[in-house]
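Residue numbering begins at 1 within each chain, and the chains themselves are lettered A, B, C and D in the order written.
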Amino acid sequence: MREIMYRDALREAIDEEMARNHEVFIIGEGIAERGGSYKVTEGLLAKYGAKRVRDTPIAEAGMIGVGVGAAIAGGRPIVEILYVDFAMLGMDMIVNQAAKFRLMTGGEGRVPFVMRSQGGTGGGVAAQHSQSLEALFYAIPGLRVVMPSTPADAKGLLKYSLRQQDPVIFLEHKHLYMTKGMVPDGEHIVEFGIGDIKREGKDVTMIAWSNMVPRTLEAAEALSKQGIEAEVIDPRTLVPLDKAMILESVAKTKRVVIVQEAVRRGGVASDIASIIQHEAFYDLDAPVEIVAGLDIPVPFNLALEKASVPQTDDIVAAALRTLHAPAHVQAAE
Amino acid sequence: MREIMYRDALREAIDEEMARNHEVFIIGEGIAERGGSYKVTEGLLAKYGAKRVRDTPIAEAGMIGVGVGAAIAGGRPIVEILYVDFAMLGMDMIVNQAAKFRLMTGGEGRVPFVMRSQGGTGGGVAAQHSQSLEALFYAIPGLRVVMPSTPADAKGLLKYSLRQQDPVIFLEHKHLYMTKGMVPDGEHIVEFGIGDIKREGKDVTMIAWSNMVPRTLEAAEALSKQGIEAEVIDPRTLVPLDKAMILESVAKTKRVVIVQEAVRRGGVASDIASIIQHEAFYDLDAPVEIVAGLDIPVPFNLALEKASVPQTDDIVAAALRTLHAPAHVQAAE
Amino acid sequence: MAIESPKVNVPSKELLEKLFFTAYSIRVFETEGIKLYRQGLIRGYFHPYLGQEGIATGACAALSKGDYIASTHRGHGHCIAFGAEIKKMVAELLQKETGYCRGYGGSMHIADISTGNLGANGIVGAGTPLGVGAALAAQVRGSDAVTVTFTTDGATNNGTFLESLNLAAIWNLNFILVIENNQYAVSTPIGDSTRETDLYKRGTAIGVESHLVDGNDPLAVYDLMVEAVKKCRAGQGPILIEARTYRHMGHHVNDPGKYMPEDKLKYYKDRDPVDRARNDFIELGGATLAEIEVIERKIQDEFAAAVEFAKNSAEVSIEEFRQFAEAY
Amino acid sequence: MAIESPKVNVPSKELLEKLFFTAYSIRVFETEGIKLYRQGLIRGYFHPYLGQEGIATGACAALSKGDYIASTHRGHGHCIAFGAEIKKMVAELLQKETGYCRGYGGSMHIADISTGNLGANGIVGAGTPLGVGAALAAQVRGSDAVTVTFTTDGATNNGTFLESLNLAAIWNLNFILVIENNQYAVSTPIGDSTRETDLYKRGTAIGVESHLVDGNDPLAVYDLMVEAVKKCRAGQGPILIEARTYRHMGHHVNDPGKYMPEDKLKYYKDRDPVDRARNDFIELGGATLAEIEVIERKIQDEFAAAVEFAKNSAEVSIEEFRQFAEAY
């Protein structure tokens, strides 16, 4: 085990997979000469050369499109999109090509394409550079949606992404790049669809991903001081989703809080809540609470930016609501 | 009242608003000379001339982009996108420009932009021409999402769209263009955020929009033969959503089925279910049931196309599940 | 720029026979396919390649095993010219399990990865980035495979054209973009979609070697493609080729195409690419009418057999589809 | 094409003063703004226009009330040249309620609809379709207003460039696209992003009248723009103008710009557009050093006052923002 930064864990994953598989290559804006805006690809150009580490013009639709084409033709592309907001320029290639190809070819064609990008708020970069857009990929069958919250998960999931056969939307968070965490030595792979219990607890189940995981753990500690033990589940991959782990936890706690940085309306949290209320209807002692961003773009002003996304207190408050909710039987009277 | 087709109702709305407001214009592929693939714009070129009714090249990003720009500059554009699938090419302009501008200008800038398009399955047009993508617009704050199911609603909502100030994603359905319905004579306007009870009932609340409304009404008739009276609510606009109407109905029926043609994962139905389980937790006598498309692209084969989206029997079955669900009190034993 | 017809070297009889065989195969597939469509046996969209056969025919004849193609919504001709099995194509159009895509894809999505056919596409312009991507993967792999994307006049006004051709250029990819300029996008004449109807100039403007060729002359297309492929394998790609042509009917089976001027339609029908291939085979290749007849009969028989095959093929399984959805 | 410097007619002293006033105002705004940024008073992104002042200065001087502009992520200069109030700009950068966007937008999103400034943009290339849209709305309205979109070298490899300029062309819109070719996209030199670095040729290729001008010569830009505006109002638009220039520093405040070769940087600094405007004012306009000093002092004082105004302005209200979200 070594303690390294999230961005270094990502670099290790790319480096190891490039060394292991000569089909793996990466393209993006400023990722080669400059080593990437978040230094994730630093040193890769020197090590693997200009054929496998390429800077691109500002052409997200083209970048994503050629990545998808390369994958269809048996390549192993990683396309880095600076901000997930910019992936909107390449949505056609993601939605209508990458996600559809396998079905359209009756199952024969596969698209081992990996798009790496980052989202979330941070530092006043405003409305077009702060979005959490996972819901838009989550709703498109055929895509895998990965959102690691720790260096170890980032490394293990990215390595797995480069070995499986379907298009992966790999979403990092601008706040996490410099965060540190323990990462196992040697080969470390995390398969899709296996959630991780980041904290065990019996009183309330909290589900969070990406940058909301550390924040939810903070909330859990605060609750613990009040004698409330929250279980914090990080699905790590939203598609596929580890429903079993979630439902098992709910059966135990009977209370759920889902935390997402994305806006409330139409978020992944809504979908998870819809699953829980259906599969665990009789387990629930309180409505599933969702803590999410306000339904408005992220403003430039830092105080408003903060007000637009979930803070630790919001999470604590939601957990308390689930605990103080009247039980059904009383409600029935 | 006159009985006219959905497509004619749409044409009336555009015609009336073009006559009323000289800022209104429409652009799209084959909408001028040819009158549109679904004849919605037939005759408008002759009546309003080439300045206000324009054919475009195949450039969805550009079309949507200039539409948004025109709206920002005080114009009243209608941009027709042949298939909603193709709107993916213009997602940046919708998500990062149209939906953000008002916030980014501190409220001063408005974007009275209307994108008309159509979605849904029909006739074996396959994976890239059959999607129901409302969830992708629903999750972007700032957009209004309109999905009329009848000629009257289509006319009234389109006219209202052309008088309000925010970007509207107006989604028609390829199966509905030729369907008929009664439309009031003279000025007929339907404001946003007001649902319509398409059928009254006391036993179960069914929520559906667009082409799922007629299908859900069919299911309701079938249930009626079994003595079950379903209430069918058509929100008509998904954003804004008439939560009050939905919750009022649920308080009465205590059972809910939501029907969408879109795929199950990450759909608008999930969001509505998440709201109901939260706001009406103590009213519900059964889990909210969601009937939706399979989580896979729509195949070409007609039998599979049919199998991939909700059919009347599926809706009936879901309603029966809500009625045969054990009540909570028993569950508590 | 004058339309090019290099005719670099005297064509062999084998080549001329191949060109005719391919062109006529496409002609039969489309004419017979339209009949099946009108009988209601084929559903969804069907965009006939009638009148444009010279392009796919000449272009694919210049390719080798290991090369890739990406196609358009009007893609039957490209599949056939690239060597697809007629029976699997017909089975696909008839929604059968034995089709290239198990009946899941249909006319706009026929693909055959195993042979390097990246597929038709329902999104105008999408084939260009996909093709450039295949060329990129080949370059990374160190292969000298060439990728040809067939695209359309309509697609040249779409952003994908600029973005992906520019990427191919800065990376010197083995990529050839063949623009099938049939001068219409559905009913919209090219002159209404752009001021500059010499589409090859858009390649020149971003430093890509660009050519204009008569798309109704299979041999001219072939000769130019042979040069283009050679240059690509020598690392001098990408190359753009605009092939001028015209449809023999409307945009799809149900489009009467009334907007196509009589005289212009006649002008192009008088320059029918299939007749051109037949005449070249006879005049330059010395083929006899008897030989021609044998070939044409063979092709017709093959199509008839393909229809039988498709009709007798198994229907798709809804159960398997549901399982597929579980795993998708 | 040789770089154009038409110098159509002898410039008036008023014009020369205006050009210098604008260029120097931008220079002061950026230099002082960078200081505020380094003091931590400005957050988020800040892309200085230093070295490129000649373009916005010359271009906007040719516009009239009622015209529109759309800008880039490097947009301060365009706002100032189009007549924005310095104090409202500073207030915006300081996240204050009194800013152009109530502190909701920031550097990349300053806009002022009331004056026809459609705003800066955080999405490279997005200003072009938006500007074309404004020109389209004007044409539908029967107005002869001209819209200028300032775009960048980086944006010319993006699909939005082709799609929207082509739309402007087929509709003969009153649209002028000014490409600020500063030869870099962040650290990537233009030669790595495209083979053809003469960007104006991309306009020619789709039938758009296109020009190349020295972006560091405010007067040359102005003269060319006067002609372009005249042609647009006469229905001969759109027109494309590539203005060559170079940044005086890195991409944003925190980019040291080490990748910019010393000698090339010196070459352009020796051709500083602000000095050029000052010299033109003196040599062609006969301004005295005293006059210059008064102007410069006035501009510096205005900026200082703007900072005071911003600092003393009210903070935004979180409550109002929450209400805004309810209605959004």
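Observations on the model:
Simple rule for what comes next: a contact is a pair of C-beta atoms (placed from the backbone, for glycine too) under 8 Å apart; a residue touches a chain by one contact, two chains touch by 3 or more.
Because the structure is a prediction, the values reported are computed rather than measured.
Looking at A-C and B-C, the interface holding more C-beta pairs in contact is that of A-C. Ranking every chain by how far its Cα centroid lies from the centroid of subunit D, the top place goes to C. Per-chain Cα centroids separate subunit A from subunit C by 41 Å.
Centre-to-centre spacing of subunit A and subunit D amounts to 37 Å, using the average Cα coordinate of each chain. Averaging C-alpha coordinates per chain places the centre of subunit A 29 Å away from that of subunit B.
Residue positions of subunit A with contacts to 2 or more other chains are 56-57, 59, 61-62, 85-86, 89, 92, 96, 103-104, 126-128, 141-142, 294-297, 299. In subunit D, the residues touching two or more other chains are 101, 103-105, 109, 121-123, 157-160, 163, 166, 170, 192-194, 324-325, 328. The part of subunit D that touches subunit A in the complex is made up of residues 43-45, 95, 101, 103-106, 108-109, 121-125, 154-155, 157-159, 185-188, 192-194, 259, 315-316, 318, 321-322, 324-325, 328. For subunit C in complex with subunit D, the touching residues are 157-163, 166, 169-170, 192-196, 201-202, 204-208.
Those residues of subunit B whose C-beta lies close enough to touch subunit C in the complex are 29-30, 33-34, 55-59, 61-62, 85-86, 89, 123-129, 294-297, 299-304, 307-308. Subunit B meets subunit D in the complex at residues 22-23, 25, 51-52, 54, 56-57, 59, 61-75, 77, 92-93, 96-97, 101-109, 141-142.
Remark: subunit D residues 68, 70, 99-105, 109, 111, 113-114, 116, 118-119, 121-123, 126, 128-134, 136-141, 147, 159-160, 163-164, 166-167, 170-171, 324-325, 328 touch subunit B in the complex.
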